[in-house]
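A, B, C and D are the chain letters, set down in written order, and residue numbers restart from 1 in every chain.
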Amino acid sequence: MSQDHTHNHGDHHQQTFLEKYIFPVDHKRIAAQYLTTGMFMGLLGGFFAYVFRSQQAHPGHEVPLYGLVNANQYNALTTSHGTLMIFWFAMPVLVAAFGNFLIPLMIGADDMVFPRINRLSYQIFFLSTVILIASFFAPGGAFGGGWTAYPPLSSTAQFSTTPWGSTMWIVAVGLEFVAFLLGGINFIVTLMNARAPGMRMYDIPIVLWTIVIASILFMASVGPLLAGAIMLIFDQTMHIGFYDPQKGGDPVLWQHLFWFFGHPEVYVVLLPAMGIVAEIITVFSRKKLFGYRTVLFTMFGTGVLSFVVWAHHQFIAGIDPRMSNLFTVTTILISIPVTEMCFVYIATLYKGSIELTTAMLFALSFLAAFLMGGVTGIFLGASGADTYLHDTYFVIAHFHYTFVPIAILAGLAGMYFWYPKMYGRMMNETLGKIHFWGTFIPFNCIFIPLFYTGAAGDQRRVYNYENFPHTATDLHYLRQFATASVIVMLLFQIPFLYNYFVSMFKGKIAGKNPWQSNTLEWVAESPPPHGNFSEFPNVYRPPYEYSVPGRDKDFWPQNEPT
Amino acid sequence: MMEHVITEASSYAAQIDHLIDLIFIIVGVWFLAAEGLLFYFIIHYRRKKQPQAGYVTGERLHHTKWIHRAHYGVILCDVFILYFAVLAWHHVKQELPEPETTIRIVGEQWAWKFTDPGLDNELDTADDVVTVDELHLMVNTVYNFKLEAKDVVHSFSVPVFRLKQDAIPGRVITGWFLPTKVGEYDIQCTQMCGLGHGIMGAKLIVETKEQHRAWLRQQHGGSQASVPNTNDIQNVSQNKPNGLFAKK
Amino acid sequence: MESKDSHNQPDGGSHHESHGTSHYIKIWAILTVLLGLSICGPMVGIRWLTLVTAFGIAIVKALMVAREFMHLKIEKRIVSYVLLSMLILVSIFFFGVAPDVMKGEGQQWVKKYDEAAAEAAEEAASEHGEGGEAAAVATNAEPTSDSVAEPAPAAQASGRSKFSKPWVATPELVANGKQVFQVNCQTCHGPEGKGNGPASTALNPKPRNFTAATGWKQGRKPSQIFHTISTGLGGMPSFASLSTDDRWSVVHYVRTLGPHAGEKDTVADLKKIGIDPSKDNGGGSADQVIPIDLAIDRLALESAQGDSPKKAKK
Amino acid sequence: MSFQRPMATERSATGISTCKLGVYWVIGSEIVIFGGLLAAYVMFRLAHGSWAHESAHTNVVAGGTNTLVLLTSSLFAVLAHQAAERKDTESAFKFLWCTIGGALTFLLIKSFEWGGEIHHGLTIHKSLFWAFYYTAAGIHAAHVICGAIIMAIIAADVKKHKDLQRVEAIGLYWHFVDIVWIFLFPLLYIAK
């Protein structure tokens, strides 16, 4: 559909600045665009976190760099923090940026199969970003109804007091979905069709599998929510009442529409992170991935299961209690494939020769932290325990122990690992290690206390606990400690940004394959030119053939003829 | 353990706490085991000690059997947890005990309105006592509550009861609790409900039957405002433009 | 995903040669006949037959189009699997959601505005010509707050008020006002209206202190306060959703909190907010039995205006 | 700006041409979008008996004619595809425009239909049934419009003997739009 114009493969190198950087069709440029936008939005989301955490630690005080936070702004900030971090940080970085950058390189192709659909997808995404940020300056302020946007609060201006904000929010989210639908179709078709000669199913690096499975999950789950978003917009603008009980609608419908998408969404971001980690731990422990097929099938299993667990977000949200029993069973069952994945990754280290580079540190810290997120999920998946823990800070801590490893730890691991390929230069390891410890330790300091305050009864989205004198008042120092840790964690991102931007020009030259890795992207120049490969590689073996006995080198690139 | 974190003030609080403790122990063991193994490998197989890595495909049975065994353990624990989870759920949410008293709880932006059946112990009679943001309960009495929301979704949460239930506009949700400890506690709204969500708390006062009766009498003696006549019920129930179209 | 790798572009499906134009036209003819059947189906008037002709035939037609026109029957199987799994997902969604959305009641929950109730209200309304009256009657007949569809608001919000002259303070109004105040106002303005409610800590500008005589931006005459409540001011949203009576009640209650008795309305003041004091109900009620859409537009407008001055992040 | 199609687009590891595969995935995602909407509609429909009376006011004749129009246009689409495979661009071009004609007729009839209904006060505000009626049919109509536009572009290319494989691609999309209507018709019109 996207292709017309000529068929001739002339040289790709006369492009104006505009074509190269502003409206590129080259997958690497688009990846860079997604990465930059995603990192910016991530920092913005981090700033929001700092603001509302400060308000909570010292209610009613001026927040440095922001000022006084009133209830409406607090809600807007928490809501935007959630929305930004998931839809504008985790997805662009993990799925879009790494997907765009890695897929064509790792399958030995010169670009995505639909380059201009790819470009369109970023442009729509950018538009959605602009709308979301603009909503902060709209009359009434940004939407503050929680990132789940339950109606009637989200559907009725007079309840939410943000007539513009809520509509702009849902429009932005809708556009973002469309952008990732286009991107996803591109990823899937590219991996299915454009693989290098000789690359069979089991020769595809895990990270590509995960990104494509994630895209399929996203595509399959987002449809109902898109329809629901249209209905919500109609409710907001024309007062139709799809979600209004007095007009025969039903608020619970939205909750189902949202979570039918919302739960697979968790795996949409989890799987790429898992894939990135798989690449890194195999390279830096010089080991074959433990049971490639097992990993692959567990990932499919997780994907399929993730479609039948959504209502565990609604146990106490007014759904029929009998359904809860069904969904609690499926939810607990999902622990099986997930533990499988963790075990397999740990087993991959067995008999390895582990080199603790920054990338490896981040990858391993992902495993360590994600285990925590996984096990605490059992508390919330078990309906009986959820009756108490639901919507407390225990939940917050739980899903931050999944999302922070996913989006931040794994994301950074990927950046450190592929940076040489992206920019042709190495990052500074010392700064990297400082950045790692300065990120990982504060992260735990933020959320372990919150598990405790949550268990003690702190509920979410409260801007001032002085109104709940009997709720964990004696634990207020923990809330303050968590806030302090947030600030530390944010400050430790400065060395990273310095490292990231300075190394582009000052870092030492990387060469084609600095990590001695097997996969095809390391065959290309770094950074790869437009068109990626001087001659297109053929594939002769699976991607993780490290330390094969009887070879002098401990790695064996996929494209090396036997 | 949970009871040291927060008071148990209802009949089923203990059951839920035990469930949480149980899960805590089970997953705690697994968690420590997994982390222990992870760190053992990281330290034991680091480059210095292990310059040359082994070649393990992980496709062979004598390797995979370890993961399989671990899995049988996981599945066993899952079943165990599920059993107690569903048990607790069924007790708290599914089977209603015969109520001694039934109260109505209405959430609206941003206050809780409680209707106590009053001395005749029947709702919607002249002697109902309507209170705002203050719930008086008799200790050791089986309560049913009819939970409603007037405008947006709220969530009625009493941490010390381990009770939490969303109030959905257009639905009447019935639940129960049995207060076991006299005292003053917090009632929270745990579902985002707009500007005032952060202050939508209420005071829960669990008192002896005598104190409660005394309080009811004093209410009748007291302010006219809290004695609802049917008109007042209508008035405060007119919080939606959509009310316009109930009839079409 | 197929693991075979052929690298020549498959020649635009030469495998379609089997179908001539005639074949497609035949399919089309069959589809048209089926369409005719499905339209005639309901005319027989048997419910189950209608369902069969409507949906059974729809499925058959869809399958034919998919197989013959989209060539799914000769396409690689994976495509059919993909499309099929999407359909399965939709059905999973349906069966997961139906127990809550489709049913009128379930274990320990019941919908207030289910079909039966609504129809009952319709009956009541159609019997008495006046919607509002009828509704009011219905509600009085059954005063529980989970009564049918609460039609009373229709009466109230469309200006049909219980009180003949709500802008004139009466003890009844004040008492009612106190309760409405407790529910809607005191979280910000505080129990005694000192502007020190729990919410006030984080509000900026601070809520009005009703006990003081100064600082009333839009004045403290009844009409002026009524206007402020209806349209909102600064950080305060519009409370137009409250019935006119409730808003007036709050006005009178608020005025009892401080030294405001001196501030009286002139006829002009009342006219300014569209009330003609010479008539009962401010002449409102008669022409205020307005069409639904008009009313809703007005409410939307009011609340929008009320919210607009709210301050967002700088 | 000049655009060279990457070599990746020419590869076909699955044996399905890239452009067709893309369209199939688009259709896949569309299925879930319409599926979610219609699932919601069916739930409400079964919950509200009164909607039967509402749907009695829909214009079955217009709906039926539209179904026929779409079926016919689908026929033209597949004929265009057949012609494109014969590299017979003339008739492919002709058939594509017949399909677009079908789309326009469909939209024309629908606008008359809606005009009449709105004139009789059956607006989107009348009740939730009509809300769904306009939403579902509206989204479908949007798809018809997009399809027609894309088809016009492709027809222009076909005239220039360019990218004949896309005739089949747009045809697939068109058949899907047709199938959606095949289900909308009984759901909104004839199921009383």
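Keep in mind that, in the parts below, contacts are C-beta pairs under 8 Å (C-beta built on N, C-alpha and C of every residue); 3 or more make two chains touch, one makes a residue touch a chain.
Because the structure is a prediction, the values reported are computed rather than measured.
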{"item": "Path length in the contact graph (chain B to chain C, fewest steps)", "value": "1"}
{"item": "Intercentroid distance (Cα basis), chain D paired with chain A, Å", "value": "34"}
{"item": "Chain B and chain D, separation of their C-alpha mean positions in angstrom", "value": "48"}
{"item": "Centre-of-Cα separation between chain B and chain A, whole angstrom", "value": "30"}
{"item": "For chain C, residues contacting two or more additional chains", "value": "1, 5, 7, 86, 89-90, 93, 97, 101, 103, 107-109, 111-113, 115, 118, 149-150, 198-199, 202, 237, 240-241, 292, 296, 299-300, 303"}
{"item": "Multi-partner residues of chain D (at least 2 other chains)", "value": "11-14, 16, 21, 25, 28-29, 31-32, 35-36, 39-40, 43-44, 47-48, 125, 127"}
{"item": "Multi-chain contact residues (two or more partners), chain B", "value": "93-94, 109, 151, 170-171, 173, 195-196, 198-199, 201, 240-241, 243, 245-246, 248"}
{"item": "Every chain pair meeting the contact rule", "value": "A-B, A-C, A-D, B-C, C-D"}
{"item": "Contacting residues of chain A [partner chain D, same complex]", "value": "1-10, 12, 15-16, 18-19, 23, 25, 104, 109-117, 181, 185-186, 188-190, 192-195, 199, 219-228, 230-231, 234, 238-242, 247-250, 253, 257, 260, 531, 536"}
{"item": "Contact set on chain C toward chain A in their complex", "value": "1, 3, 5, 7, 85-86, 89-90, 92-93, 96-97, 99-101, 103, 106-109, 111-113, 115, 118, 149-150, 198-199, 201-204, 235, 237-238, 240-241, 296, 299-300, 303-304, 306-314"}
{"item": "Of all residues in chain A, those that touch chain C in their complex", "value": "55, 59-60, 67-74, 76-77, 136-142, 157-158, 161-163, 165, 191-192, 195, 197-201, 220-221, 224, 239, 245-246, 248, 250, 252-253, 256, 260, 307-308, 310-311, 318-323, 463-464, 466-467"}
{"item": "Residue numbers on chain C that touch chain B, as the complex places them", "value": "107-113, 118, 121-122, 125, 131, 134-135, 139-140, 143-146, 149-154, 156-158, 162, 175-176, 178-180, 182-184, 187-188, 197-199, 202, 237, 240-243, 245-246, 249, 292, 295-296, 299-300, 303"}
{"item": "Chain A - residues contacting chain B, complex", "value": "71-72, 74-75, 144-146, 148, 150-153, 156, 158-161, 239, 241, 244-247, 250-252, 285-294, 315-318, 321-322, 324-325, 328-329, 332-333, 335-336, 339-340, 342-344, 346-356, 364, 367-368, 371-372, 375-376, 378-379, 382-385, 387-392, 452, 455-457, 459-464, 467-472, 546-549, 554"}
